[in-house]
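Look at the two complexes coming up: chain A is in both, with chain B in one and chain C in the other.
This part shows the complex of A and B:
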């Protein structure tokens, strides 16, 4: 029996640039984290497996079939792209119904299904708001909801937690874990190990178009701990936040960028740190609008791995 | 938010396969266009010609003797319908730019093609959905009012002889609109797929429309060879009217278009549309690649 996703000696280049270099890989059911810094080849990987790119060399299959321009295969997978500026003028319900109708659902079924998914993703009270008025977290959730509308077997998520607020992150992570428990094959691309680790133990490390490692996340956890994790927090009360963080034992460095409205914190225990952010946002009423995690520490690990 | 520990259930409703997959693209595009207030005003203004022509038709019933003295134009026959379509052709021009100039480049800008192409849609479905949006508006301000006028004439001045003698106008009106919709939509979508700014798409369309006539006029003036008339988009469209509406269509053509060959014009328009369609398809296919 063939794997859910299979890459056999796959290379893809754009002109002189090699995006993926001779990759052979099999991915089975459950959640797999595709981990690598920006420009590592993660998006190329997803575009190849979703049939929107032709491999320059080698063979890609999903559910045993060649995905290239095989639009019938789209019935079996859902795709959550990284970008989120689509159909700003449509309301949440209109957007979902539109996506369902593109999948071939009739009008009545599309509306009913859209309402069900909007409810499940906590967007039912915002169904009549234009997508333009949605927060970053709401946009991510509606993108995820549209990818699940046809109950696919395989789900691809390209940087699903990018720019989300702490509560949205926690909810999305739980949602992805739920999908994994249901036996779906979920591929999550990310440049943040902590995020992937919160969802799955199964990871594929990719850098400069090559698979550096695949397997259990614990195996590289030790390496990551040697490098402090950078977190950028956007808030309107930066100095007060800094006062709270400075007392945390895992925080090793901190910079306030008031002109840009963010605080950059280095933590040795990112998991604890993210829990603390959620806790203080909820208990102390801090308005944290956005969290980003630059991939500096991951880059350091990759440098170490390729030495 | 209660999303924890919830299971996803498969929808047991109808999931259609194949068929008209482009239809949702067309229907959402049409509804979104109608939501723009300025556009709605323009759209309603496009129906003024219909109101005027319908009034003429009714006036002719009320005072047939006076009308018949005024002009042959007011005879309800091929000339009447050809003139109506010729006037609407000018409005179709603006309609095409308004509706079509941002149809593809907005999707490029927002990377929406990633979403479209992760659905069971081919790039042909996508392009056909977009063409249908423009074709709908062209039909609704040209063929639809013309056909309503025809039905009105048949109803208020019931005359089986007139109906039998003029019924050929119905397919002619429809085919004329089909060709115009094909040419105009493929041209504007071509510009929408090669430019990032919708203004440039509109400007490109206008330039091709005007410049092609200017070049054809200059070449015809120099050489007196009517073959050069076929460089003009406008005169080829006029010739399609001539081809479909016979002598009535011939009369409304500009001077040098009268020497052009109408079937050749129709053929050129169809070939040009097909070439533009292939270019659009290539552009859409290319954007499937996210580098």
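This part shows the complex of A and C:
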């Protein structure tokens, strides 16, 4: 049985710029996070799989068919674009109704479906307002709603949480998880690891047009552990501290910056290393005034990984 | 199998109608239409000036004569061209510029339904403005020649409108194609219509036949009037039936190439 989405040795370049470089990948059902920094090739990936771009090399299929300019395939997938673009003069209900009617629903059916989706996305009380008057969060929600109007099997979401408030974010994450549970294939692109992590365990890590890793979040985290983590420690006894750290097995590199009053340590096991710092500060009486980690959140760990 | 094909065509016809409605919603109440309405009203303003002058000086000529000059110069070589350039070259590119094309690309709309669904609203809006503008000039100018002139010259009015509407179909199809081929299609369109068309159509010999304007003016009823100025503008005309056929064929070719361009072009935005 073929995969829902399949890339076979796919490259795509724009002039001299290589946006995707020899990618081979199969995506099955459920939610898959497409994770990478801006400019990594995520949008090119989605544009190729939705038939908006032609691969320079290789073959792309969705549900076993070539998506290139294949308008009939659009019945089976929905797309939430990254751009904050709308038919601004239309009301929310009109926008949804037009989108439904363009999928072949009659006027009555389109209106009913539109109302249902506006209700589900918390926009029913704003149905008669022009989209131009919607807040950023409301605009994001209606963008998501229009992609679901024809109950597609596959849904592509390009940075769907951009600009959403915390409540909208949580609701959208829940909705995406529900879609996954319903058996839909959902591809979510994002540049923020914890956002993707909140939706799915299945991740494709992409950077500079190449797939760095794919698999479960735990496997990706395992890869993260292979990379050293920077910790900056401020103290008045830098050389003595360095003597202690140099014997730790997880420390791979160290630089003393006496003029700036800190020690920069690279550790392969940041959690253990933090425990060690606390321990020696308490037990050996080191005066550690400050600890900094340039990559002390998941997002920067991710950035570090794709460097 | 045939039944399936028929069903598919019916469905695409329905898609085209919905797209037509959506496009009309997006082009009627716009600043562009307001601006183009003012352009379309320019001949009416000239008409008012002529009538005021005529009230003080009866030697200014007949209303019909002035109407003929106005239509042959201002209306067909100015207003028609400007309206068709602006509507034809922006009706599709607006979707690209506003980044809303992505919503249409995500729906099961075939190439022809997409192009025709965008093309027809541009033709309808341009033609409506031309019809209103022409009637606003015609009625008072005929009125000053006597009430009978209004109905007596009605066939001239209808032929004027017919020629300009056929012209709108052809020019908008060409402008739509230009917008799929080039960036800044409005500038290309204005250079083509106000430059090439308006210049080459006046050149005697067969060369003026390479303009669309020649074929439109050949079905225009004012070309045979005895006026030296107008005679200089129309070196020679072609038979009406041939002219209509040429314009229909050109329109269909422009639309067919536009559909091909849409089906093969990449509209995505790069990262």
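Quick notes
The definition used in the following text is that the second predicted complex is superposed on the first by the 219 of 307 C-alpha atoms of A that agree within 3 Å, B and C clash if a C-alpha of one lies under 4 Å from a C-alpha of the other, contacts with A are read in each partner's own complex, and residues count from 1 in each chain.
Simple rule for what comes next: contacts are C-beta pairs under 8 Å (C-beta built on N, C-alpha and C of every residue); 3 or more make two chains touch, one makes a residue touch a chain.
As the structure is a prediction and not an experimental result, all values here were calculated from the model.
Annotation: superposed three-chain arrangement on chain A; chain B versus chain C shows a clash.
When the two complexes are overlaid on their common chain A, residue A:52 makes contact with chain B and with chain C alike.
Looking at the shared chain after the overlay, A:92 reaches neither chain B nor chain C. Of the two partner chains placed around the shared chain by superposition, neither chain B nor chain C is touched by A:228. Once chain A of one complex is fitted onto chain A of the other, the partner contacts of A:38 are limited to chain C, with no touch recorded for chain B. When both complexes are overlaid on chain A, the residue A:113 reaches chain B alone and has no touch with chain C. Put chain B and chain C next to each other and count what each touches on chain A; the higher total goes to B. Contact with neither chain B nor chain C is seen for A:137 once the two complexes are overlaid on the shared chain. Steric collision with chain C, judged by C-alpha atoms after aligning on chain A, is confined to one stretch of chain B among 2-10, 20-28 or 146-154, namely 20-28. Residues common to the contacts of chain A with chain B and with chain C across the two structures: 14, 19, 43-44, 47, 50, 52-53, 69, 71-72, 74-75, 77-79, 81, 83, 85-87, 89-90, 94, 98-99, 101-104, 146-147. By the touch rule above, chain C contacts chain A in their complex via residues 11, 14-15, 18-19, 21-22, 25-26, 29, 98-100, 102-111, 263-264, 266-271. Those residues of chain A lying in contact with chain C across their complex are 14, 17, 19, 38-44, 47, 50, 52-54, 69, 71-72, 74-75, 77-79, 81, 83, 85-87, 89-90, 94, 98-99, 101-104, 146-147.
Across the complex, chain B is touched by residues 14, 19, 43-44, 47, 50, 52-53, 69, 71-72, 74-75, 77-79, 81, 83, 85-90, 94, 98-99, 101-106, 108-109, 112-113, 116, 120-122, 146-148, 150-151, 171, 174-175, 178-179, 182 of chain A.
Across the interface of their complex, chain A is touched by residues 1-11, 13-17, 19, 21, 23-25, 28, 32, 35, 110-112, 114-122, 288-291 of chain B.
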